[in-house]
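Chain IDs A, B, C and D follow the sequence of writing; residue 1 opens each chain.
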């Protein structure tokens, strides 16, 4: 097996993991604060669509990324408003966001992109080579990535720092575990949850931008293709820890890249068994002992100061 | 926009046709071509049209029977997956004619329309085998079913008619919407050495072609002439004018000449199935060879027949 | 000078009036006790002072200035610190994290420095603590300490302690009261809620609440425990149990050389042997976290290892809300939690609603469970009534062995009386009772013999008639005989 | 208060109306006629014979699966594996329908049973992993969906494929294993009646049986249940298994009543709709039936809106999402209203 092949494989695994990881990290913010987020799929799709639309009209990828961030944040705000202020069932809110996002992005995509003939071909985000490191054999590819990948890495580091080494992060965790205790300590549960869900939405939106601006350079209806759900699986798998979740995403990405390569080698296995490989591997890993992960205690429970259940 | 489906207003006497599409009409490929088919028929023949997109398998029978019940004269089901539903529904509505595109059913009021995908992929196989340096070709599609299998087989037969020991890898992504995955699948194929790629994808096909172009390998367009998507990579395209084919059958139906049979349309109808523009990269001798073979197929000097290979039913070439 | 003054405070939940026109004035630098039955409205009132609830009516004055306490944050800024009855600690976080929660405006969390601050604070007040321990790993007594440190860390001038001693050992209570005294002398004002009259009597003043209304406020020197109990309950209560002698029967429970390890592999019960006979109460005294829970758990989960034949076992768990009851089930449903599969509650796999209801009605009558009807979810009952439901269920069917773990924790005197009398009635019937408690007087009053547990071992089994609080207390603290 | 009584009826109605108003706006932008579209939606899905038949046909699988989801929820288990369990159930009854010959009165129950068992097996796996190994059932049941779908794809493409079929599907199952049509001429089949009967049985189990008591107890407080001598592990496994079995019945009824064969994509996402249905039903069985009916109407009405009024499918998705959203908001607001007027029991 050649060096190129391995470094191609690494790069492919990474590319397949990046949108998942954005979604998972976005979900992490929300869920650590106690707000369940099944709506990652819809947020990804919204980010993808808005970045495509903006870049299509402005020709500027940065504008695209920025609007994806804002749009993701707005969907997050909607989710927060529904779950935190109105205390709508968090699961239903997420499912509804997915449905609405699927419908609206497809609807708008047809209005915007179909009128102009041919495929939209969007500019791409430039690659940045990190000097010296980019020249290392095999792993060098990891340092020849576009800015969104580096941003993702910094988000992982920053999120870890934020959660465990800042006061706000402490507040966030407290709110997710025992909101009433946080409330009595003078923390505004509502504010923290809003911030968390909106920030999370912004991050997921960037994942959508990556999908469009880095991976395929055009928008397609329902192009998130279930990534939001895999991101949730990764989040649980990674035990709601930024690094753990990222590694779980990497596992999904790497097995996906692997199965595509097995197919490419014409190994005589029905393709369906290869397509299901990432899911099977994850399932076996869970069953085989990586197992137990305890969610934030207050996950999914709306907080109401006047109720007996804290 | 061009959402011009008619309402059911009863300007009776008019010929009414409807199409049920498994996917979205904006996919720039299979479903869109079906949609364009009924649009073309409306334009050319003045028929009244209606369509439904995203018909899931659970909805097929409902959609077909509902159109029939509303008095549509012709109901087109766009995809082989409708075959079972057609055989279930058609006997109950003898006043309506059903057409299964890509199907293999026929009956009193059932016809199937099949494009002979294999003929044109055979030609592409010849071109691919002549262009490859690595002796590795690749086929990529969303899912495996009869049409993709036939197309792959044609590609293989064509390639092997040039180079016996050539290798062909195939990848099925399992999801027609997942463009990013299709792109990664292409990259995986390229990284294992494939240097000519034949693809059949909907929304994802531009991603495959552009990736091939970026990586300096060759590819074929499919369904439409896609040479403008990635001029450096696309050698030629397997052009399938489904809209024309559909209009042709609609016209037959309008004239009450449609028969309960399988209409297999191939290279003999260049307005329906043909090779697209050749890229300059494809040398004249190769182009000529492809075109010669095409003529042989049209003249039925080369035909494809059922046979067994390695214990499996498949298709083989028969040269006369 | 009055530090805190409440004027006409009223709080309603729906149509229910939890606080009815309350007027109290609390002097600066004093310890002011609030006494009242379960559900009298004490916690509600304190939640109003600490900003968690808003009163429907009335005005709060702090140092004679009217204040509006809109949230916990405001309360903290006003120097009001509350230690809630149900701890407001986050089990997954460390001691330090809990103490500093919500206090720093900095971005970076310098945990080392904060730990040092916590240590310094704990030394100042003599409240020893491991700042890096996770709260969920700490025994409740220590958790209580964390709560106090949390309030002190916020530099509260007014400390509200809602039943702080319910989970403390006598020694801990003593030291807490000492600490409170010390704090009062330093100028802190303290509101102290307790059901224990001997603690209340050590405060400076006391206000008695009954059904949301202030009954009286008086200096403790001018009253007696007996008087207070009667004011609170509104009737005569007997503060001493009268225990009939009962002939002891066969050995029901026999534990020999029991060892238990916890899930981290540490031995928590070591070489424990004892017997309990029919008609006998064996008290187990000890500081919380010395292996009592593990001992009881092990007996309850594998009773056949300790009994010569299959017997009925009744179990009153330590935490009635988490392990004793299903809070969202109603009274009738909770009462059949153990017997739902049996006749007459079940026939051919179907629940028999009539039988279930009849059972509940009679249990409510027999155990004096106060609720409008059997369909009230138990989450809406006061602690005392919740405990009576557990008792009614566990004592049904004449169990041979009853394990009662802290059965009176958090209950008012009236409720305690009721619980203990039920248990003694079972003893007279011939049940063997294992009674685990941290309340020494209670253990001595109810037990025939008392085992003292220390660091997983039984350091002595004493005859209840011939022992003293001092002796047991000494053994509990690790003293040798 | 009188208004409070009618709140459960009014609030969904207001929610649906709001969703339709937003939808009308979108339909208009798309160049179709909203009034025509909505006329089609309501006339067809609820008031015409065939349209109502279609609605019922869609309701059947939704009702089966959402009952399963609710059953799991009662035990505190969140089964999002309905989709995979439908596929497995469909497989089970297809196998019996294809390879066993028996008279109808044996063949039909046998095929249904097989559907139940296959679905139950697929539900048991996450139940087992949760109960015994503590693995979060949300993630495992989600992963199992993908595995089931690919497995069925393989089977319909290879060993089970009908000869010369242009698309992956199995041969027709035996006539004797097919469910009868209950509304002649329409597609409404016996699976609908079965679904309603099953819902009734589940209602009795949940509300009237000791088993239901046990499951609810575990769902509300596993620790207390454990102390009371209930086996929490068994209960969790049982609940997930039954939930899977019910979803399996959805697959079985789709095969035996509607399609008469196994398809590569037998379920268009019923497993996910069912989750929303279970939550919107407020845990009541009547709610389950009504919400399933409504979703069925929406699904079949969606097709009609496309067919006869040219409303694009994208708008229909948006309307569905908005409807779910607005109903959920309505429920939340209603809950608050009731809470704020709450009368304490003492």
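The rule is simple: a residue touches a chain if its C-beta (ideal position, glycine included) is under 8 Å from a C-beta of that chain, and two chains touch if they have at least 3 such contacts.
Treat the numbers as computed from the prediction; the structure is a model and nothing was measured.
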item	value
Between C-D and B-D, the pair joined by more C-beta contacts	B-D
Cα-centroid distance, subunit B relative to subunit D, in whole angstrom	35
Distance between the centres, which are taken as Cα means, of subunit D and subunit C, whole angstrom	46
Interchain centroid distance [CA atoms averaged], subunit A/subunit D, Å	28
Whole-Å gap separating subunit A and subunit C, where each centre is the average of the chain's CA atoms	46
Residues of subunit D touching at least two other chains	30, 150, 153, 157, 312-313
Set of subunit B residues in contact with two or more other chains	1, 24, 144, 174
Contacts with two or more other chains, residues of subunit A listed in rising order	106, 110-111, 221, 272, 275
Interchain contacts (touch definition) - all pairs	A-B, A-C, A-D, B-D, C-D
Touching residues (chain side subunit A, partner subunit C) in the complex	165-171, 173-174, 177-178, 180-188, 297, 305-306, 308, 310
Complex interface listing, subunit A residues touching subunit B	4-5, 8-9, 12, 15-16, 19, 106, 109-111, 114-115, 118-119, 121, 211, 215-218, 220-223, 225-226, 256-257, 260-261, 263-266, 271-272, 275
Sites on subunit D touched by subunit A in the complex	26, 29-30, 129, 133-136, 138-140, 142-144, 146-147, 150-151, 153-154, 157-158, 272, 275-276, 279-280, 312-322, 324-325, 328-329, 331-333, 335-336
Residue ranges of subunit D touching subunit B (in the complex, touch as defined)	30-33, 36, 50, 54, 57-58, 61, 150, 153, 157, 164-169, 172, 185, 187, 254, 258-261, 263-268, 270, 299-300, 303-304, 306-310, 312-313
Touching residues on subunit B, where the partner in the complex is subunit A	1, 24, 26, 28, 138, 144, 167-175, 177-181, 183-185, 187-189, 191-192, 194, 203-204, 206-207, 210, 228-229
